[in-house]
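Here chain A shows up in two complexes: once beside chain B, once beside chain C.
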Partner chain A sequence: MLIHEQSQAGRRATAQAPKVKADLAGIPAHLRRDDVPGLPEVSEMQAVRHYTRLSQKNFSIDTEFYPLGSCTMKYNPRACNSLALLPGLVDRHPHAPDTHSQGFLACMYELQEMLKEVTGMKAVSLQPAAGAQGEFAGMAMIRAYHDSRNDDARTEVLVPDAAHGTNPATAVMCGYKVKEIPTRKDGDVDLEALKAAVGPQTAGIMLTNPSTLGVFERRIKEIARIVHEAGGLLYYDGANLNAILGKVRPGDMGFDVIHMNLHKTFSTPHGGGGPGAGPVGVSERLIPYLPVPMAGFDGSRYHWITEDDHPETIGRLTAFAGNAGVLIRAYVYARMLGREGMVRVSEYSTLNANYLMKKLEEAGFQLAFPGRRATHEFIVTLKKEAKEMGCNAMDFAKRLLDYGMHAPTTYFPLLVPECFLIEPTETEAPDALDGFVAAMRSIREEAQTNPELVKGAPHSLPVRRLDDVRAARELDLRWQASS
Partner chain B sequence: MSNVPSDLKYTKSHEWVRDEGDGIVTVGITDHAQELLGDLVFVELPEVGASLDAGGDCAVVESVKAASDVYAPVGGEVLEINEELVDAPETINSDAYGDGWMFKLKLSDAGELGALLGAEAYAEHAENDDH
Partner chain C sequence: MPFIPHTEDDVRNMLNAIGVDSIDALFDEIPAELRCGELTRIPDGMSEMEITALMAERALADSRAVCFIGAGAYEHHIPAAVWQITTRGEFYSAYTPYQAEASQGTLQLLYEYQSMMTALMAMDVSNASLYDGASALAEAVLMAVRGNRKSKSKKVLVPRSLNPAYRRVARNIVKNQGIELVELPFDPTTGATDLKALSDHAGEDFAALVIGQPNFFGVLEDIDAQTDFAHDNGMLAVAVVNPLAMSVLKPPGRWGKTGVDIACGEGQPLGAPLSSGGPYFGFMCCTQALVRQMPGRIIGKTVDLDGKVGYSLTLQAREQHIRRSKATSNICTNQGLLVTAATIHMALLGGEGLARAAAACHANTAELVGKLTALEGVEPLFDGAVFHERVLRLPAPVAQVLRTLSANNVLGGYDLSQDYPELGDALLVCATEVRTEAQMSDYAAKLKAVIHNPPPA
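Our next item is the complex of A and B:
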């Protein structure tokens, strides 16, 4: 039930009401509303109960195992949150001058430096407010680079077929045509196809490494050489940075631009559409185009670097400093980990993934890439179960919810039929991983003996199986007062 | 195994082609393709009169799982599209080779038909097409 549906005329909660009557004299009449806003009228207790109940219906990393592949749903340490709520940070006005923002600017500058160091890039801007915006900024910089050289024949961006859907979308948004590069059976990019595809029309390639198939692209140096020799640039999608943090650096692999999803790798809260943070890092030749403002340091004072200092910038992506609160949380996380801790993130996330992969394989589940070591995630295909038991990946996913676990990513990447993309992250203990294997075994038994139980799942949640088809075809997202 | 009628031609990207004679063909996606995609929710068709190149993307099918391009199996001009699909994309799920047809083409080069797969070759391809 929506809170609007609980509304009764005259109900009030005064705790949050303004204590001072606002003086409207300064606001011109045409800018004032003449009707009352349609807010729900409920008591304070009703509001508290409503939102508490809603929060209890959530599946979240704070309450359940959440192995949602490619999303890096790791635990968000509470310290990041409490420090981000320090009054000096929360109450800082975005228009406060540099002289009054030294602490905040120092945090932003140091975060830029740490991200630069851990990715091996030459400079970082924290502007983009999400991964998708980071991708856009990255491709816009590649475009600005080619434009600055009047190299306008470069109209094509190469994207492997295993890529996240955002990659081709970004290339198109930046005015490029997309050319798909196939993947070999072992999960690596098809180099022969790549060689055949590059040329004077190639603006660049967008790569996720490790790829969405849960394997490390072994011939990345070769790929970098082929694309660079053709005059194209390399874009690194940072979606899977968690697997390599502190171990290998995209800058050393030859990438020219990278976006990082701080809400994945740097443990800031995510899901529900934001807020995220998608900083971009670049190689030497793309530095002039970085989005502003960035934090600068002259050896004694911190300051904002703006269009005046950085005239070739692609511009601003957000009005102020990006999602400042998210950036602060990531900064605290990075500072708590330190250089040694960063390495442990990738070591334990890959160890957990490989442990879970091995256990599921022992339990008789089919791996999509047997023989390849997992990165921080891996793929199981439930093709056999779908065929023999009539219970497909979606049925298994829904049934997992009844077992108190969030489902892995289903039906992505599209290349693998009936797939589960499983990412346990480094913050889970072995017993949680064993619990997942036990649940999968148990669901497979149910699929054999009582398939209807699995096909009708979930049974224990506030809502049962949703009608995906109707949800996609009849969008109903807006509450309207019945008149 | 999904249904692969022997009188049709196929592509590796899971389109089927029916030769209607007089240089006209009907195109749709295979039963195997609809099975992989799951319940379809949207279909985007080419425009009548559009000129298609063999292998070019010309339509989109979107299911609850994924959106997928449909490629022109052969080159030609679009003569007719199955507008019923716009309101009832699920027709492809229930009758991929019949009422679920997508568009009709006037062939620009009848020789291109020879490059398509026969039913047996396609069935084998679909069976092994894990990636």
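Our next item is the complex of A and C:
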């Protein structure tokens, strides 16, 4: 039942609003609203009970194994949240003067420094609000760089066909045309195709490494050389940074600009779809274009670096300093991990992924890239099951929900048929991984003996499979009093 | 090991199962010459107890002042239940509801959010959030240029009285697609958009007109005239509004003869703490006719195999994960958790509660302005009606005054001199419903002392 359907005219959570209704006489009548907005009218307890119950209809990291590939659904330490909500941080106004911001600015400055070190980039800005905005900042900087050299023939951005959809969408938002580069059978970028594609029209390439195929792009130095020789720049999509933290750095691979997803690698909450944080790091030549504001330190005091101090900046992309509260959570996480903890992130996420991959292979599931190491994630293809048992990847995914596990990412990347992109993360114990293998075996058995059970899944959730066609055709996007 | 559960036995057994003798062997596909050494500039890890002490110290360093700054971020009372429920693990640690059956909590909540925002704005459709108010304006401009069937213009009229940060952000984002923002001046007497200057653009080809309510100066605009002007001249009307204000002001769906086409803005006043400027959330509503041009997630109501009501992501063919380079925006992760808070906040306050909070802000700002303008040399700069902010002219340079006030733990407002040098010594002040009479009197007393005993320049 919707909260609106529990509404009773005149009921209110009285304690939450000012006791007296103040006068609006200073506002001319024709600018005023002539009714009370039609929001639910419920008591405080009704609202609390309703939203508590709604929360219980979610799968989450705190309640279920959540191996959603490319999303890094690892445990979000509770201290990160409680410390971000300390008075002084949670109620600091974004325009508070530097004299009243030394604590906050210290955290931001130190986070910038730590992210520089762990990525091998020369400077970092924390401004972008999410990964896709970080991508935008990165591509806008590449554009600003070419513009500054009056190199206006560079109209094209190269994107591997396995890339996240945000990559081509971002390139277009920055005014570029997109050219796709094919992937070889072993999961690496097709270098011959790349060589044929680059030229004076190439602004750059957007690359994820490890790629979305769950493998490390081994010839990255060669790719960097080819693109740089053609005058293009290299953009690193940090979606999979968790796999390589402390092992290899994008800066050392030859990338000119990167974004990081702090809600992935630095364990800030995914929140049911955000907020994220997408800081960007750059090589020497792109420093002038970094988005502002950034935190600076003169040896004794912290201060903001703004447009005035950084005149060639691509500017700001949100009104203030990005998703500051998310950045605080990432800072706390980074400090708790420290130098050794950061390396352990990539080590144990890779250990878990390779163990799970091995166990699934032993159980007879087909790997998309056999013979390759898993990074922090890997791909299983269920095309055999789909063909022989009539149960496809979506059916397996939905049945996994009945087993109390969130499904891996399905049908992405697009070039592997019937695929599961599986990312267990470092915070799962091997028992959870064994449980996943057992569930997959069991579902395959069900698919052989009782396929309707799998095709009709889920059976134990608040709803069964939803009619998405109807949702799109008979658009119902809000509650209305008559409905 | 912090947050890693593996025992030594676990590791040994797992390595045996994989058939390698060390964890490091799993990185053998990375070319050796690329491997990095120790991250020497990252400090040692801290226990929860140690980091708690450090953060408490830092938080304390920033927490002494009483705040009279608004300028796009506002301190409001947020019911205790809002963030207690929002940070339940089931909301906090879930992701985008791709598996709808396992995400009905988030999906139903987002549908309720869309229902509440459309009611507040009197619009047909709401999306499930954008990053913040400034980037929402950028998306609205892109959407208007895409969606205006009467005009192929890539120019949009934007008032100078709109939040300067929003104008900068919008320009930074849309210029890459060759879109130009053309500035509309404000009337120096009222502080509202100069309607005469607007009328000079009659008959010209623009994709849209942006209308702020209230504008950055807190001043209320003649929204009906501007909306009708836009429509009479083939432009879409784009509203940028404070959502709390819409509980007492005419909502954008009712402006002019037909209402605006797109309404967007900063959702922060609906349950998000100040938190140094984020995370907040951008909201966006539009007419039914424009729904397929909308960026971001949209939730639809549908039924399951048994005919039971359920909710799912819909119209995904607009989005980057389906349409890639042809998507309406590159946005993916948005501000789900903030929308969770906003939904619970709106449910707890209701229409009446929001209206009371809004009216209290209006009254408190009027009271503050009364106290401050009673001081010699302090006067209102504009005579237009305001919502909960007002521009004052000071008899001394604003930066100096603010510095002295902040040394006395009063954050006295937002200095307009950088963004609006033409206004002289102009200060934007705000007193929301959380400011008390005593705090306002204290501000007035301290301002009086500063003005009468100006600090050395």
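Convention: the second predicted complex is superposed on the first by the 462 of 483 C-alpha atoms of A that agree within 3 Å, B and C clash if a C-alpha of one lies under 4 Å from a C-alpha of the other, contacts with A are read in each partner's own complex, and residues count from 1 in each chain.
Everything below uses one rule, namely that contacts are C-beta pairs under 8 Å (C-beta built on N, C-alpha and C of every residue); 3 or more make two chains touch, one makes a residue touch a chain.
Just so we're clear, the structure is a prediction, and the values are computed from it rather than from any experiment.
When the two structures are aligned on the shared chain, A:I258 is found in touch with neither chain B nor chain C.
By the document's definition of touching, of the two partners only chain B reaches A:V416; chain C does not.
Of the two partner chains placed around the shared chain by superposition, chain B and chain C are both touched by A:A472.
Touch counts on chain A: comparing chain C and chain B, the chain ahead is C. When the two complexes are overlaid on their common chain A, residue A:G322 makes contact with chain C while staying clear of chain B.
In the superposition on chain A, A:V36 makes contact with chain C only, while chain B stays out of contact range. Of the two partner chains placed by superposition, only chain B is touched by A:T183; chain C is not.
Touched by chain B in one complex and by chain C in the other are residues 165, 412, 468, 472 of chain A. Of all residues in chain B, only 36, 38-39, 41-42, 62, 64-68, 90, 130-131 touch chain A in the complex they form.
Contacts from chain A toward chain B in the complex involve residues 165, 183, 185, 368, 381, 383, 394, 410-412, 414-417, 468-469, 472-473.
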